[in-house]
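Shared chain: chain A. Partners: chain B in the first complex, chain C in the second.
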Partner chain A sequence: MFAAFMLHAWLVATMVAIVGGAVGFFVVARRAAFAAHALPLGAFPGAAAASLLGVNELLGLALFSGVGVIAITQLQRGERREVASALWLAFALALGVLLLSLSGAYAQSLYGLLFGEVLGISRTQVFGIALLSALTLALLALLARPLLLESLSGDLAAAAFGRARSLEGAFLLIVALSTAMAVPVVGALLVFSLMVGPASAARAYTNRPWRALLLSVLLSMAVVWSAIALTYLTDWPVGFFVGALSAMCYVAGRRRSLLAGAGS
Partner chain B sequence: MSVLLSAVEFLHNEPVRVALIVGGGAALVCAVVGVATVMQRQSFAGHALADVSSAGGSAAYLLGLNPLLGFLGLAAAAAGVMEWSEIREARERDLLTGVVLGAGLGLAALLLYFASTVHSASGAAVAVLFGSMFTIPAAVVPLALAVALTALTVSALVHRPLLVSALSVDLARAQGIRVRAVSLAHALALALAVSLAAMTVGAILSTALLIGPAAAALRVARRPAAAVALAAAIGLGATWGGIYLAYESFYWTPGRGWPVSFFIVALVFAAYLTAGALAVRWPRRAVGLPSGCEAH
Partner chain C sequence: MSRSPALSVEGACVALGARLVLRDVTFALEPGEFCALIGSNGSGKTTLLRAILGFVPLAAGEIRLEGAAGAPDPIGYVPQKLALDPALPLRARDVVALGLDGARLGISWPSKARNAEVDRMLRAVGAEGFAEQRIGLLSGGQQQRVLVAHALVRRPRLLLLDEPLANLDVRSTAEIVALLRRLSREYGAAVLLSAHDMNPLLSAMDRIVYLANGAAVAGRPEEVVRTEVLSSLYGYHVDVVRVHGRVVVVAAEAGEQIHEAVARDPVHTASVP
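Here is the complex of A and B:
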């Protein structure tokens, strides 16, 4: 399990877990669950295009994440936010399918991109993902206070930090970057589980935001590490374990807040 | 003349005919159920049902059952779980929806993995998630039509009580509407619509058929009834147009057709953008709930 060829997987998974747990905390606080699901799927045609053109997959993913942010913010003007996310998601997936079908590398790479592929991570990918995580965490640290304040009260945040529209765009960009880097590992469909499950559980165990953020990161690391270990032992897809363990986190958190509610 | 000949050839093709019937039924049901879904801001729930249903489709593939039954079983089960949990606060609903969706997709991943080891074929993921309209067996047609009819009947029955209880639960109770039964019935209709759409364009693209035509119609139509009619027209046009283009695409890149789901989703997306452009030129009063009653 700790052989040399697994080293890349452990490294990348740890980075993905840290960023996923941290960004997930804000996704849960800001109720952006659907956008966080749509953005990694929006990045999916990027990977397909990269495989068609033979360039670095991460580059395509990051590029299309940016396109996804622009598309969602443009589409949701004067419109219901979840409709914009739904339509962008479907269109991006369909485009990705077309590109993969044209490239001829259809079924197999499709499965890996959607559900994750732990063992195929190369050295250049490790560096790319490290760079992206550093960038995402830096952006998040910079915007953490306004983001948190805005999730509590939009008016207060606008009074303290100015325009809310650009903040929303910046937040979506952070989500997009962090999901793009996670796609090669956990797969486009399940990145989102990793963000929502641990963060929602963390929220149930503490009322203090920074403590919840830390707990969310720790839980997310536990989920990803267990998922990789279980994948290694059973050879089942890593996405299955990430989805199941994240759901268990959520159920544990829900139970805890129900019990706390009954006790008070 | 040659255009006419190719059209005749197109309609004489058995897989094409099955695709036209099942796809048409799916588009109609999705238009009716979709308008109610978009107006009630349940797009995310509709999408989650579709994602979970992909696990059912994968199970059916693994066991060699009728795929529609697989989609239907899990979509209905997921709708039941989300209704049963009785979470009314929008934010909590979104989280639960997300978690159910993730667990469903994880299960789909596992079942697809088993399918690929048992049947040693890797095409299952593509067929379940992105649809394979031209391989729908003709034997599915009666079941598909029955599902479509049931969904349309249920939606027609709950249409009015659903609108009232979306406006105010107390008002609905005062009128003798059984709020929980109505919302459960709507969730069931949603599950039926989603599984039909999953057969047509694939589980994770079915959102486009459910939400797209309805959202486009709601941008320009002035009344819900007009929105349903327009959504049905857009859905049918996109589905049948997509099937035709996919059939034609065999001649564009010799030997290999483009995925039919791509054309359908692209046409739906184009309709949505066009409706947006029209709505900007001719502004109108929004169809939907008064602003104070919205979930967000």
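Here is the complex of A and C:
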């Protein structure tokens, strides 16, 4: 038993780290950190609804992440992304409260959704998460260059694509997919830290974009693996270690950029 | 004129909301021609460039690019005042590489041919000395060079630059103008460059499109930059004055608005009203 659940935890956490680190690189480059916070947190009522209806949690998370993408991109027309993200976040949380009160779910399961429950991953969840990881990484690989160009300048990208259409919707969809898979593991509140911490740190250590992406993935894996090991040793919540280690990555990166005059 | 123009704009009108921003703009550019798009702030320069790029629809008229029958040739574009993020891990060389294949799907594998092309372009704009540095940490003049390389690396027939000389010091301005002049000849690309001051461009430009209140006159500089032509464009009398090798356009009956503009910046007054 011990071996099985630990193996599941390591497998899933590694997948979450790879996807989080890779998606995080673009989240930071595109300055979309707040949207990356609003999407996972806004997906949590999906999980509450799923438990109310007795269906797979991952399905509810994916569905609500998708709805979040549509809501944010639609609200974004004429408004700024921050405003759209904040509106969606507030509405989704309100809905989450309602669904939780209707379902009468235990506080324990709410806690797991918000802060993660890496040691309680089932075999079916492993398959679901593997599938979502593969899909997210494939989409990211497909759009890597256009996304990078667009993070340099939307106008340059539009001229290169031959039309004034942005990749924002496709990008938020990628964030939503990675969110749906990561929420059960590291929790809705902390997905954000895993996406932003390692990616911000990585760009202080290299000037090369794809190297920064790779470094972001490696740092993210280091954070998650350390967090699991520390959770196992201390029995403290895994979310605490993920959040704290990600923040430490960020601080270390900032210190380096300041010392090196914004990196060399 | 046996060659087909690189760009032809015929009776172009653009409306933003209820306001007509461009009215009946007509001009054409030959390959290799260097054209200045001159006008004060709000005269419609950026809108015209965005209309050529296809970002804003035309209310009337037509804009044709060379080879528009099949796949239109790509347009090289350098947008207005890019605020490049100094924290973005992207070297000057990466920006040029993105000009080559930034719109393509899938992962880019390292390629010698691609690197050689990027190196050649970096040398052509004189950016080889800072090719490995982050784009966001370069000076304004250096960034312009890299962005020109980004725009030219696919050898477009048309290069559009929106206020590339804004915020450059005198020396960088002269260097960028000379660079663009040379590259437009070498690459056979028509260059359309917007600016509010025509003076740095006087020696370089083959052609000028002068915009005021959404209307335009176009032609050779000596045909356009004349008292009667510009007066007719503005709809009131302006004088074209040449002093110390500079051209200054001043309104004869100075309204308050013009006084203000002159007082704020008495030196570059190429298009005061």
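Rule of thumb we're sticking to: the second predicted complex is superposed on the first by the 253 of 264 C-alpha atoms of A that agree within 3 Å, B and C clash if a C-alpha of one lies under 4 Å from a C-alpha of the other, contacts with A are read in each partner's own complex, and residues count from 1 in each chain.
One rule holds for everything that comes next: a contact is a pair of C-beta atoms (placed from the backbone, for glycine too) under 8 Å apart; a residue touches a chain by one contact, two chains touch by 3 or more.
Because the structure is a prediction, the values reported are computed rather than measured.
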Joint occupancy of chain A by chain B and chain C, clash or fit: fit
First, second, both or neither for A:114, with chain B first and chain C second: first
Which superposed partner A:197 touches (first chain B, second chain C, both, neither): first
Contacts of A:250 with chain B and chain C, given as first, second, both or neither: first
First, second, both or neither for A:86, with chain B first and chain C second: first
Touching partner for A:149 - first (chain B), second (chain C), both, neither: second
Partner chain in contact with A:34 - chain B first, chain C second, else both or neither: first
Where the C-alpha centre of chain A sits as vertex, the angle toward chain B and chain C in the overlay (nearest 10 degrees): 90
Contacts of A:129 with chain B and chain C, given as first, second, both or neither: neither
Which partner, chain B or chain C, touches more chain A residues: B
Which superposed partner A:183 touches (first chain B, second chain C, both, neither): neither
Which of chain B and chain C A:15 touches, first, second, both or neither: neither
Distance in angstrom between the closest Cα atoms of chain C and chain B, superposition on A: 8
Overlap of the chain B and chain C footprints on chain A, listed as residue numbers: 31
Residues of chain B defined as touching chain A within the complex: 38, 41, 43-44, 46-47, 51, 90-91, 94-107, 109-110, 112-113, 116, 122-123, 125-126, 129-130, 204-205, 207-208, 211-212, 215, 219, 253, 256, 258-259, 261-262, 264-266, 268-269, 272, 276, 296
Of all residues in chain C, those that touch chain A in their complex: 53-55, 74-77, 79, 82, 84-91, 94-95, 98-99, 101-108, 132-135, 137, 147, 150
For the chain A and chain B complex, residues of the former touching the latter: 28, 31, 33-34, 36-37, 41, 79-83, 85-87, 89-91, 93-95, 97-98, 101-102, 106-108, 110-111, 114-116, 187, 189-190, 192-193, 196-197, 200, 236-237, 239-244, 246-247, 250
Sites on chain A touched by chain C in the complex: 29, 31, 141-146, 148-149, 151-153, 155-164, 202-203, 206-209, 211-212, 257, 262-263
